[in-house]
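Step one of this worksheet: look at the structure below.
Chains here go by letter, A, B and C, matching the order in which they are written, and residues are numbered from 1 within each.
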Amino acid sequence: MALTREQIASIATLARLDLTADEVPLYQEGLSRILEFVGALERADTADVTPMAHPLPGLTQRLRPDEVTEGDGHERYQQNAPRTAAGLYLVPKVIE
Amino acid sequence: MRTLTQLADGLRRRSFSSVELVGALLARIEKSQPALNAFISVAAAEALEAARAADRTLAAGGGGPLTGVPIAHKDIFCTAGMRTTCGSRMLDNFVSPYDATVVARLKRAGALLLAKTNMDEFAMGSSNENSFYGPVRNPWNPQMVPGGSSGGSAAAVAARLVPGATGTDTGGSIRQPAALCGITGMKPTYGRVSRYGMIAFASSLDQGGTLTASAADAALMLREMAGFDPRDSTSVDAPVPDYVAAIEEPITGLRIGLLAEFFDKGLDAENERCVREALRVLEGLGARVSQVSLPNLPMSVPVYYVVAPAEASSNLARYDGVRFGHRCENPRDLTDMYRRSRGEGFGAEVKRRIMTGTYVLSAGYYDAYYLKAQRVRALINADFVRAFQSVDVLIGPTTPTPAFPIGAKTADPITMYLNDIYTIGANLAGLPAISVPCGFAAGLPVGLQIVGPHFSEARVLAAAHAFQRTTDWHTRVPVGYA
Amino acid sequence: MSEWETVIGLEIHAQLATRSKIFSGSATAYGAPPNTQADLVDLGYPGVLPVLNGEAVRMVVKLGLAIDARIAPLSVFARKNYFYPDLPKGYQISQYELPVVARGTLEIVLEDGTVKRIGITRAHLEEDAGKSLHEGLPGVTGIDLNRAGTPLVEIVSEPDMRSAKEAVAYMKKMHTLVRYLEICDGNMQEGSFRCDANVSVRPRGAQKFGTRAEIKNLNSFRFVERAINFEVARQVELLESGRAVVQETRLYDPDKGETRSMRSKEEANDYRYFPDPDLLPLKVDAALIESVRATLPELPDQKAARFASQYGLSAYDAGVLTASRELAAYYEEAVRAAPEDPKLAANWVMGDLAAALNKEGLEVGAAKISAPRLGELLRRMHDGTISGKIAKEVFELMWSQGSSADAVIAAQGLRQITDSDAIARVIDEVMAKNPAQLADYRAGKDKLFGFFVGQVMKATGGKANPAQLNELLRKKLPG
């Protein structure tokens, strides 16, 4: 399964990754190799097999009581933020 | 240098102080760093401060099972007030505001955080060559990789820079570097150790565990780390046995299944020799060995390289330069900010996996790749369930070969991925597994892998401990680090 | 009748009225300073994990029971992956293939009084996103994540509605229902209850649906109606001029009263849903369902039916009075205080009371006349202490002064004159003052009867008992 440059570009767009011009062929080759390798799965007979999303089958979601346990930590949390003002995280203008 | 268990005893008996121990280890770490590059951050002042407090506690007759014992955490575990990088430029400046549950529990048991270990970026790698902070070197031979992704933890314990370190294992990231560095690496059952605060790579596969010199040390460290955590929905609410007591159980009559699929053409002859020799040792201890076949197991690597990148592509979407992590200079607009921040912040292997995962989840490919992989995963799991109906543990090599030279496998991703061919199965099925040293091939350590059914850590550790009571491979230390 | 038929399906988002968020222990209160109610989980910090709020599950099950839907014994949380600055993790935790609630129905009453059943495809749990703020921030957008992680139920209808009015009726009915169930505060200004509308048109009689546009984030009934009507006109115009409708997401601009394309949302609409590995399958067993069922209140339709039969009300009146649980409760309390005439009580609650509330923009809970006091006023009409006309005056004074009916009647001397002799004396005076009219009446001008009623009422300040007055006039006027 060989991927085209365009496919690499569209995957990179979907994943929001900026690739340089010389990176594109590298990923093109790498991803094509990987897809060819995982293509082996096709040969497995999986008729009537339920997909396994979780390694401990049969367990179900635990429910948390509806209690407020967390307070205001924004000053501490925003110490890691690249840009903030008045308690807000700032990003380049969002155009809808 | 003594083992974690011996150091904890010595501190309790006050044969030496925690300050002395920390001081000695800090000196070793500093000396080793140019050669091994095992650490990303060292908390010298904080550790000494904590050591002083531990000494006071011990002097007052108090303390927990690990009071005053210095350990290292893989830099994937969030540590409050301390840089947590995950081996990535993306988190180069990230200071966690909270402790991972594993970190908090080991702290509660009295352990001191000495340093954060180097790792493959976001735990993606089998050689530790994917770290933003440079590769880690194998203490047995600095030309060789230590394995990955917990390569820093493995090298640090192998070189006796710390008596124990945490690691994470998504496809073999504890066991494989443990095998390549000649130490004991334990991956517990999925859900046994909380994932809260352990930066996610592939959520349905990730599990925290230990890298130590011996199975006895693993038992002690794991007992303190493991257990239910209400902050992790996938954490299992079941009591944690006293592994330290449980490992003394004799293995007479233990039914061992020899994993046929692991003795394939890719297995190095020397590795095979070591593993077969180890089996004879276990037979000598009263274990009964039989051949077991898991026909779907060879599919585990392709399954893994669909499932893990898929989950990773989503888990790593939060690194967008908005709330934490790297943001590019002067973004033109929002899209530019996302793409350049992520393009610059992530390394090549991480980007490759994000793109693979994005592709296999995308419209038109989901069924053929992701869903198909989860079906084959179910087949592999069923193979394990069937095998454990007739045997107590499965045994085989941890890796196909000993440590390989730095740079030898970076050209082709598949060659690198196949390093984890024997370890991935346990992740897909969520099983506990350990790697213990079982010999040397051309001067490099070889690992023996023991895999058990869900929540059989005590049995797996007991088998490893029995082996280590009659062998001394785990006591060997690389030249220059004795 | 237009040759085009409109087809509408709604996706309603209702914020669940839990104290804490769906996957974290942060508060959900509205209006806090930015990011003060966003914890590490809400911020999508490295290493944190979601744990599901049990109350959110109970609430969605309650909704499922109320719309007679199937409750899935096992449902699955999935990740919807897309990048947006108000979406901290780069994915929204939602439910995709296996929602917790499926196949329900809700009945609406059309303008002509017929009842229509609207199918509900599914209702699932998900987390709300944060907010992007643009005002006062030149060149940048500010992100407030207080809302991120607020539990939402998304209720997806079948494409069963055929006009904007039907869509509004459905949305209003659902609004009533979620407030009855106390699972959502229904506050539309604060965004607690909002919807996306899928709108398409097709030639009348066609089987196949036309291409639809999705109008995002409509947060008032009026906007829903206007946006749909605009969109229908836009699509019809496109089709009639031989052009095609593009399947896309559109935004309604309330200032311009039009919808416009949201290209930013289109660009990355491959959401790559997959089961969230951080959450396990959600199990809803019979015990949980039964414990929720035990908390179900009388539902709007049940209450309306009971009002109609118990109080002899029309279906319309019963519908109006049960539009909110508070209004229904007010009405019933008033009726308990004045059980003689439930129909009169209905007229007053829907008439004068509703008008007074409306005028001051108050909810029924904040009415300045309590239900028992309104009942007392009704009783004074019924026992003849005051007339209906005087009652309106009393009502106004009760409202403005906060007094009881009896206090107002006494203070203002509004008690009705029921003494026949007194009324007769006034009649005599009026007859004496208006000899010409009296003569005309006696000559056969029957219409002048009303003139004498008016004069007596005027002279008594409207307090003469109307029945007695009529009877006495009939006796006296003919001479």
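By our rule, a contact is a pair of C-beta atoms (placed from the backbone, for glycine too) under 8 Å apart; a residue touches a chain by one contact, two chains touch by 3 or more.
Remember, it's a predicted structure, so these values are computed and weren't measured experimentally.
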{"item": "Middle chain, criterion being Cα centroid separation", "value": "A"}
{"item": "Of all other chains, the one whose Cα centre sits farthest from chain C", "value": "B"}
{"item": "Whole-Å separation of chain centres (CA-atom averages), chain B against chain C", "value": "57"}
{"item": "Cα-centroid distance, chain A relative to chain C, in whole angstrom", "value": "41"}
{"item": "Chain centre separation in whole Å, for chain B relative to chain A (CA means)", "value": "23"}
{"item": "Residues of chain A whose C-beta touches two or more other chains", "value": "13-14, 16, 53-54, 59, 61-62, 64, 73, 77-78, 83, 89, 91-95"}
{"item": "Residues of chain B engaged with two or more neighbouring chains", "value": "94, 97, 204, 230, 233-234, 313, 317, 320, 322-324, 334, 338, 358, 362"}
{"item": "In chain C, residues with contacts to at least two other chains", "value": "40, 43, 45, 51-52, 83, 85, 141, 143, 270, 272, 277, 279-280"}
{"item": "Chain A residues within the chain B interface of the complex", "value": "3, 7-8, 11-19, 23, 26-27, 30-31, 33-35, 37-42, 44, 46, 49-57, 59, 61-62, 64, 73, 76-83, 89, 91-95"}
{"item": "Chain A contact footprint on chain B (complex, rising order)", "value": "93-95, 97, 189-191, 204-205, 230, 233-234, 236-237, 296, 299, 301-303, 305-306, 313, 317, 320-325, 327, 331-340, 342-344, 346, 348, 351-352, 354-356, 358-360, 362, 368-369, 371-379, 381, 412-414, 417, 427-430, 454"}
{"item": "Complex contacts: residues of chain C adjacent to chain A", "value": "18-20, 24-27, 33-40, 43, 45, 51-57, 74, 76-77, 83, 85, 132-134, 137, 139-145, 251, 262, 264-265, 268, 270, 272, 275, 277, 279-283"}
{"item": "For the chain C and chain B complex, residues of the former touching the latter", "value": "40, 43-52, 79, 81, 83, 85, 88-91, 141, 143, 270, 272-274, 277-280"}
{"item": "Contact footprint of chain C on chain B as seen in their complex", "value": "77-78, 84, 86, 91, 94, 96-98, 100, 195-200, 202-204, 230-234, 310-311, 313-314, 316-318, 320, 322-324, 334, 338, 358, 361-363, 366, 370"}
